[in-house]
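As structure tokens, here come the structures.
In the two assemblies presented below, chain A is common to both, partnered first by chain B and then by chain C.
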Partner chain A sequence: MTLVRVLFYFLSFIAIVSALYAASSKNLVRSIFVFFVTLFALAGLYVLALADFVAVTQIVIYVGGILVLILFAFMLSGKETLNVIKQQNSRIISLKTLPAILLAALFFIVLLNVVLKADADNLPWIRESISLKNEITPNAIMIDNIGVNLMTRYLLPFEAISILLLMALVGAAHLSRKEGKA
Partner chain B sequence: MNFYFTYFIVAIGLFSFSAFFALFGVYAERKISAFIQDRLGPTETGKFGSLQTLADILKMIQKELIIPAAADKWLFMLAPAVIFIAVYMGFAALPWAPGLIPSKINLGIYYVFAIISIETLGILMAGWGSNNKYSLLGAMRSAAQIISYEIPAGFAIIAVVMIAQTLNLQEVAIQQGILSAEKIKFAGFWDVTSIGGLFSWNIFRAPHLIIAFVIYFIASLAESNRAPFDIPEAESELVAGFHTEFTGIRFALVFLAEYSMMFLVSMIGVILFLGAWNTPLPNIGPVHLATWTTGMAWGILWVTLKTLALVGVQMWIRWTLPRFRVDQLMNLCWKVLTPLAFACMLISGVWRLWLM
Partner chain C sequence: MITLTDFLVVSAVLFCIGLYMIVSKRNAIQILIGIELILNAAILNLVAFGKYDKVNNSGQIFALFAIVLAAATTAVALAIILNVYRRYKTIDPNDINKLRD
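Let's look at the complex of A and B:
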């Protein structure tokens, strides 16, 4: 086994175990901190897939932004509110959770099916790229590529997202505005 | 296998450097504060009190590690480690001299920026884990402050990156001296490629970067929770903020993280704006001062001197200015620094297109 493969299994193991803990833990704040471990392991997997820009962006946005905001919401809500969740019924299989389990199991089957049928080593477009030397090497500088593609091929989705974010900003400003004395 | 061995040596070297710097930094801080307040500072332990911080750390190592009964044990124990490791990992991508950089990644500055933001999570962890009102309030203030100030800092950094056209810190460093492969113009009109020195630093290559540097410096003070932005640990209101409950070596780790953070943000500032490891001395006619003072050892010397100077300014500011109120802090960030940083970014774009 090469080092890369060892790292892949190690990181995947951490990601899966921490994700399971985050989903099953009754202590919500702790499960958020464990989710941070999941995201970090995922970032490591992105680096192994030579997508280092995606990995760093994942850390900036999810760890530095979204996780901290979620934690903020928790800290403003106080411990008593969180304790209610701890006292809930802890049986895994019950009538309430049946739809969720069904949905999760079905989705798992679909995913498994995709993985087994895809045969990722022999996809035609991957083989074609390898034969044309159109592949990414570990030392390649990806930022230029990403920048050029964002401004040419993916310009419309890029602009659409920026308008969406602008709308969210305007909405947030409107919600937090002081009401005038009408 | 030798290959991996070097990695370990580099990692241990950086760790011992940051530990040594924290010892020296605390001593310097106490002496500088004493000078500013017209006192003597530590004088008893060793000559001029120079062994004071060593004695302090020895005391801290011996102290009992107390975990409050109501604390979330795991979060409480892990928090100082997370805070320190986040800062420590940032050192991996910073260049020290021509050809001397622990990890030559082409995402350099972006990686450092991402890794630093994990510190917030560690602080929130400490605040929540302590299960103490003061700690929680301190942690929330700290998180709010760091998230807000990341925005002007980020845009000031983008202003430099637009001029440099790369995220690799080693390349940013090379561009600011006589080793540069491309043409450098002082303030956009005077070709100083072979003169080097002070004139080819980023803040003089494009003068609007002086404003960007000031914005970055103010934001970096806030990100390392230093006065005048130290409301997370405001002694008069919050006892000691998020690290109220920590004792012994855990408290030492939080302190180590703070001083490493000071060095880290100053070093990023030096690399991006103040010429990194390049010499401040220019080539004047036949006197090739810049050529003589460029090299491995000189590089380490210059980058350390410049960074220590910035750290000194940080300490000077801490002991001169009073603490901001929360609303003043947010006003400064969102109404002054952020628009200015946006303006710098715009000017950078125009500058790059028309003057370089």
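Let's look at the complex of A and C:
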């Protein structure tokens, strides 16, 4: 057991348990804040996968942007939001959630089977990449390479996504305007 | 070292939790959180496989694109949620059953 492995198990434990808590919590605010913990643990997992830039972006965009947006939506949609949750049955496994649990569990079994059968560590292209030393090593600095790639090889998707982001934000502003004046 | 299978199993668990939230919750905001969990599971897979591509960095760059897409999705979804709340005074997806007059 190396330290990296211990850290991996620790972080994935935190991520999974906090996601389960967010899924089962009756309190919407608590569920949102626990989702916060899940996102931080996932950022840690990205660091362990040697993608530090993605981890920092995850923290900036998800934790800084998306969670604040979700909190705003929660606060702007008032008391009825909380009432809906209180009406739900207090037991974790009630008749209403049973189909959902069944669906998720069965789908998990299918996914687990696929993952174990696929045997991702022995895929041909991954073996080739390891033998060609095309694997990211822990002491490599990837950020400048990401920047160069973003502006050369992936320029078209980059521009497409920037236009899409602009359209989405204009659309969101249009949707949330006051009605009647337009 | 951490193997790819470990990452895949963790992301499968997260995916199923997100699926459970989407199917069972009666609150649009919690459904949105479920969608974000599923997106994060996908990003974790992208990043884990991106480790084996040092020159082109395709995994990491498309993980960045997916994060940006998630931000756009959330902004639009929240605008829709606010509109729905204004009209129906609830955000329970079961109660939203009428189109505009």
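Everything below uses one rule, namely that the second predicted complex is superposed on the first by the 147 of 182 C-alpha atoms of A that agree within 3 Å, B and C clash if a C-alpha of one lies under 4 Å from a C-alpha of the other, contacts with A are read in each partner's own complex, and residues count from 1 in each chain.
We adopt the following convention: a residue touches a chain if its C-beta (ideal position, glycine included) is under 8 Å from a C-beta of that chain, and two chains touch if they have at least 3 such contacts.
Values in this document were obtained by computation on a predicted structure and should not be read as measured data.
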Overlay on chain A: chain C relative to chain B, clash or fit: fit
Partner touching more residues of chain A, chain B vs chain C, is chain C
Contacts of A:53 with chain B and chain C, given as first, second, both or neither: both
Counting only touches as set out at the top, which of chain B and chain C does A:72 meet: first, second, both, neither? both
Of the partners chain B and chain C, which touch A:33 in the superposed model: first, second, both, neither? first
Touched partner set for A:130, first chain B, second chain C, both or neither: second
Have a look at where A:23 lands relative to chain B and chain C in the superposition and call it first, second, both or neither. second
State whether A:150 touches chain B only (first), chain C only (second), both chains, or neither. second
Shortest CA-CA distance between chain B and chain C [superposed frame, angstrom]: 14
Chain B and chain C footprints on chain A, overlapping residues: 53, 57, 65, 72, 74, 76, 142
Chain C residues touching chain A in their complex are 1-10, 12-21, 23-24, 26-27, 29-30, 32-34, 36-37, 40, 43-44, 47-65, 67-76, 78-83, 85-86, 89-92
Residue numbers on chain B that touch chain A, as the complex places them: 72, 74-75, 105-107, 110-111, 113-115, 117-118, 120-121, 124-125, 127-128, 136, 139-140, 143-144, 147, 150, 167
Sites on chain A touched by chain C in the complex: 2, 4-5, 8, 12, 15-16, 19-20, 22-23, 28, 31-32, 35, 38-39, 42, 45-46, 48-51, 53-54, 57-58, 61-62, 65-66, 69-70, 72-74, 76-78, 80-81, 84-85, 88, 96-97, 99-101, 103-105, 107-108, 111-112, 115-116, 118-121, 125-126, 129-130, 133-136, 140, 142, 145-146, 149-150, 153-154, 157-158, 161, 164-165, 168-169, 171-173, 175-176, 179
In their complex, what parts of chain A are in touch with chain B? 27, 29-30, 33, 36, 52-53, 56-57, 59-60, 63-65, 67-68, 71-72, 74-76, 141-143
